[in-house]
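See the structures that follow.
Below are two complexes that have subunit A in common, paired first with subunit B and then with subunit C.
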Partner chain A sequence: MDEVIGVAIAIVVAGVFAGLFLKGIDRKLAAFMQSRIGPPIAQPIYDILKLKQKQTIIPSTSVRWLFTGAPLVALTSGIVLLLYISLSYVCYIIGLQSPVQGDLIVIMYLILIPSIAIISGAFASGSPYASIGAQREMVILMSTELPIAVVVLSIAWHVADSMYNPFALQSLFEYTLWHHAGAFGILGGILLFLAMILVLPAEMSKVPFDQAEAETEIAEGVMVEYSGKLLAFLLLTDAFKALSLSALIVILFFPYTFTGLFGLSFSIGSYSITPLIEIIFFIGKVVIVYSIGVTVIRVIMARLKISQVAKVFLFAVSAISIIGMVLIMLDPKMKMI
Partner chain B sequence: MKSDITYPLNIGPVHPAFKEPIKFTFRIEGEKVVGADIDFGYTHRAIERIAQERNYIQIIYLLERVCGICSFSHPMAYCLAIEDVAGIEVPPRARYIRTIVGELERLHSHLLWTGVAAHEIGFDTLFMYTWNIREKVLDCLEELTGNRINYAMLTIGGVRRDITADNAQTIHQVLEYYEELYNRTSEILLDDLTLRARTEGVGILTIEQAERLCAVGPTARGSGLMKDVRVDYPVNAYYEILWLKPVSPRDIGKEPIGDVYDRMAVRVLEIQQAIKIIQFCMENLPEGDINTGSGAVKMINALKKLEGEGVGRYEAPRGEVCHYVILDNQEHPVQIKVKAPTYSNGFTWAPMLTNIEIADIPIVVASIDPCVACADRMTYVQADGSRTTISWEELRAKSIQKYKGVRRQWMK
Partner chain C sequence: MNTGSCNACDIEILATLMPRYDAERFGIKLVGSPRHADVLLVTGTVTEKIKDNILQVYEQVPEPKLVIVIGGCGSTKGVFQESYAMAGPVDAILPVDVYIPGCPPRPEAIIYGIAKAWEKLEKLQK
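Entry: the complex of A and B
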């Protein structure tokens, strides 16, 4: 148990840097695609350090306790989200017994909390730009609910065929989505992955779904009144969210370990460094998912209007995920188990 | 669902969507704009007043600073106005060089606009792409005139620098570069899905509205109004370009409805047109003098002896720019009036900005390629910072009074 607490603390500490570096890699990669030089990869860390010593301005029209409290709630829930998603998986890949199973339904709700905190902070700031941003963020949250729920249900449906707990994240480590899957199952899995990849930029507020922050329309929207330490909290929340959502997609769709895939194990002298290799492999997968879901999409598209976003999610993305679910249900091979 | 609850939303005077200070007050209903009010006057620089203190040659360089992007068009219109008064004949070679530089300016201005428009709708990759390829024409202009913008190329009665054989080669290279890129660029701009989703059917200005509100330039042409000073009142080498006609979205097989997409299509087509015009001018560039040969002092002394009024009209990248000057035996004009394209196009914002979404505001405002500083004509500031509203009658009376003063002075 002590070891698990150690792992949890390590996840949070490493999560700060990994999340910020993830955003740094995103910016550098986007710059490369736009034929710019771009900022150094550590730029988000410098931003946080700079904001730490900046003055925090609280607008006189704001509801003070909510305005200052919201970023703290957002950051805390961001940390909880990361821990809840990755603790069991990290324990699994480094060979420890995890006390948490990771409930998919809880994860669905946990994803909402940082956004809800940011929305309440924005409404409390008293700025019209922030109110518009908060309204838009709510629309996006509601539109992305259905695809996420469908993905979670399809995965539970798939796992229910086995002896594992259908709604536990842990079941997926051994019994992955591709396990015993036939042609239908594989196609369905790909569609579900596509739906989650499209949900990722919406949850992260990135182009084409960055209406809540839309710089040229409402001047950073929900974040417009935040400055100094409170803004640093929001940026950290964003980093945690980026890391945990990409980690969730990795765990849902590619939970394979390096050792499991290639059958190799590493050691220096008598010390086994396999856990380290596994962690690096995991972070590598997270970076790839984030680059596909956020960087590539935001580079090739323009920002949509909020009415168009609702249409995209309620019709296109929901349709993709529901077709994926139906295909997984129809997959004949699964019934044989 | 219809609600009666509207709320005000101020955008500006300082806002990331605008490059220059201008204030819009919108009435918003949910995400819909139901009313718009435009407030100019935050960046008035009194250039017309300063011009009354400068001599005729100095004014050319002052007027280059009216607008950083139309820095050829404003002095061009001024030079045409002075040449109109003085009856100066511009040598053919100078007229061709003026056309070439003017069209290079149009090329870079439209590329700049495309980038800005892309940024307004969050398409930063296109922004970086167009500004990246724009560097080539800026380099060419630097080699040709010595400066990337504010070229200082013009003088009354001609141009100041000749196009040498080396320069001609650079121009050919640059034209080849843009011809190669044109297909790819126009494909991105006219066929990209998200770009179309954001621009089609947005900010509609019907042909009747465009005519009634005196829209000029790409804004008018996007609504299907075939209006182009280069064709209607040709100056410089445009006389000789017989195939020149105003572009229209019809050229790409689309009936114009006057939305943002049409205005973008017009600008994209004008990039191609500018390339063709420069090619024509380079092929037919006549030999000879590049100006009248009289130096600055001689020119000022000649103009000092003149009385009269003159008008210069020129098609800037953003639309018609018109300069009006009154000369009265002095070392400086007694009155100079600058009419920038935004001065006309600003009014078209009113019909465009109603019944759109908040998300459309930046792209609709940017779609006329506004140059706020050019259009600012007056500020009325109380010492204690309070605001006063001047009624239309009052303003008209003040204007008549001012111009009567000028007229008396001129008529003696």
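Entry: the complex of A and C
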């Protein structure tokens, strides 16, 4: 148990740096695609250190306790989200018995909490721009709920055939979608992956779904009144969310380990460094998912209107995920309940 | 912040951010809200109409903050010396830290001015 607490603290500390470096890689890659040089990869870390020294202004029109409390709640729930998603996986790859199984339904609710905290902070700030941003954020949250629920449920449905617990993340490491599916199942899995990749920029408030933070249109929307340390908390929340949502996609679709794939193990002298290699491999997969889902999409697209976002998610993405679910259910290779 | 300029300086600021000069390689980017800003870029002489607004925006920027004037009009009043509509050069209204003269200044000059502002900010911290 003590070891698990140590692992949890290590995940949080490493999560701060990994999340901020993930944002740095995102900015560098976007700059590369626009044939610019781009900021150093550690730039988000410098930004956080700079914000620590800045003055924190609390507007006189704001509801003080909610305005200052919301970023704290957002950051805390971001950390909990990261721990809940990655603790069982990290324990699995380094060979510890995890106390948390990682419940998929709880994760669906935990994803919402940072956004809800930011929305309440925005309403409390008393700025009309922040109110517009918060309303848009709510529309986006509500319209992405259905695709996420469908993806999670169909993956749980596929696990239900086996002897494992269908709603636990842990059973996904043992019982991956692609191994037990026929042609229909694989096609369905690809559609579900596509739906999740489209949900990722919406949850992260990135172009083309960044209406809540549209900086040229409503002056950064929900974040407009935040400055100094409170803004640093919001940026850290963003980094934790980026890391944990990409990690969730990796675990749902590609939970393979390096040793499992290539049958190799590494050691220096008598110490085995295989767990370290596994964690680097996992972070590598997270970076690839985030680059495809956020960076590439945000560079090649422009911002949509808010009504178009609701249509995209309620019709197109929901349809993609439901077709994926039906294909998985029709797959003859998986036995029917 | 545009305080009555002809837009040429604003276009040069955008050119500074574009791939050829790429100010983001130093971590510099335009932000949408004065609350997130460290530096206020002012282009153009301050008109009577916009005087109160620029003071308001200046007060919204959290400390420590700097003001950079871009262009000849903002630095000296330029060709509007005798105009009745002008409240004066920017330093009559705000404490200016760096002047970047030119009509409009080239992106190299803007990057040099921002580097000067950076040095000043580092001195302020000590």
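By definition in this document, the second predicted complex is superposed on the first by the 335 of 337 C-alpha atoms of A that agree within 3 Å, B and C clash if a C-alpha of one lies under 4 Å from a C-alpha of the other, contacts with A are read in each partner's own complex, and residues count from 1 in each chain.
By definition in this document, a contact is a pair of C-beta atoms (placed from the backbone, for glycine too) under 8 Å apart; a residue touches a chain by one contact, two chains touch by 3 or more.
Note that the coordinates shown come from a computational prediction; the quantities given were computed from them, not determined experimentally.
Contact with subunit B, but none with subunit C, is seen for A:Q211 once the two complexes are overlaid on the shared chain. Residue contacts after overlaying the shared chain place A:D47 against subunit C, while subunit B stays out of touching range. Legend: residue contacts after superposition of the two complexes on their common chain; A:R36 is shown touching both subunit B and subunit C. When the shared chain is aligned, subunit C comes close enough to touch A:R27, but subunit B does not. In the superposition on chain A, A:Q308 contacts subunit B only, with no contact to subunit C. Once the two complexes are laid over each other on the shared chain, residue contacts for A:I132 go to subunit B alone; subunit C is not touched. Of the two partner chains placed around the shared chain by superposition, subunit C is the only one that A:I57 touches, whereas subunit B remains out of contact. When both complexes are overlaid on chain A, the residue A:S227 reaches subunit C alone and has no touch with subunit B.
When the two structures are aligned on the shared chain, A:I300 is found in touch with subunit B, with no touch to subunit C. Across the two superposed structures, the residue set of subunit A contacted by subunit B and also by subunit C is 34-36, 215-216, 219. Those residues of subunit A whose C-beta lies close enough to touch subunit C in the complex are 27, 31, 34-40, 43, 46-47, 50, 53-57, 129, 215-216, 219-220, 223-228, 231.
The part of subunit C that touches subunit A in the complex is made up of residues 19, 22, 24-27, 31-33, 35-36, 38, 60, 62-64, 125.
For subunit B in complex with subunit A, the residues that touch the partner chain are 7-10, 15-17, 31, 118-126, 128-129, 132, 192, 194-195, 197-198, 357-362. On the subunit A side of its complex with subunit B, the touching residues are 33-36, 128, 132, 135, 207-208, 210-211, 214-219, 299-308.
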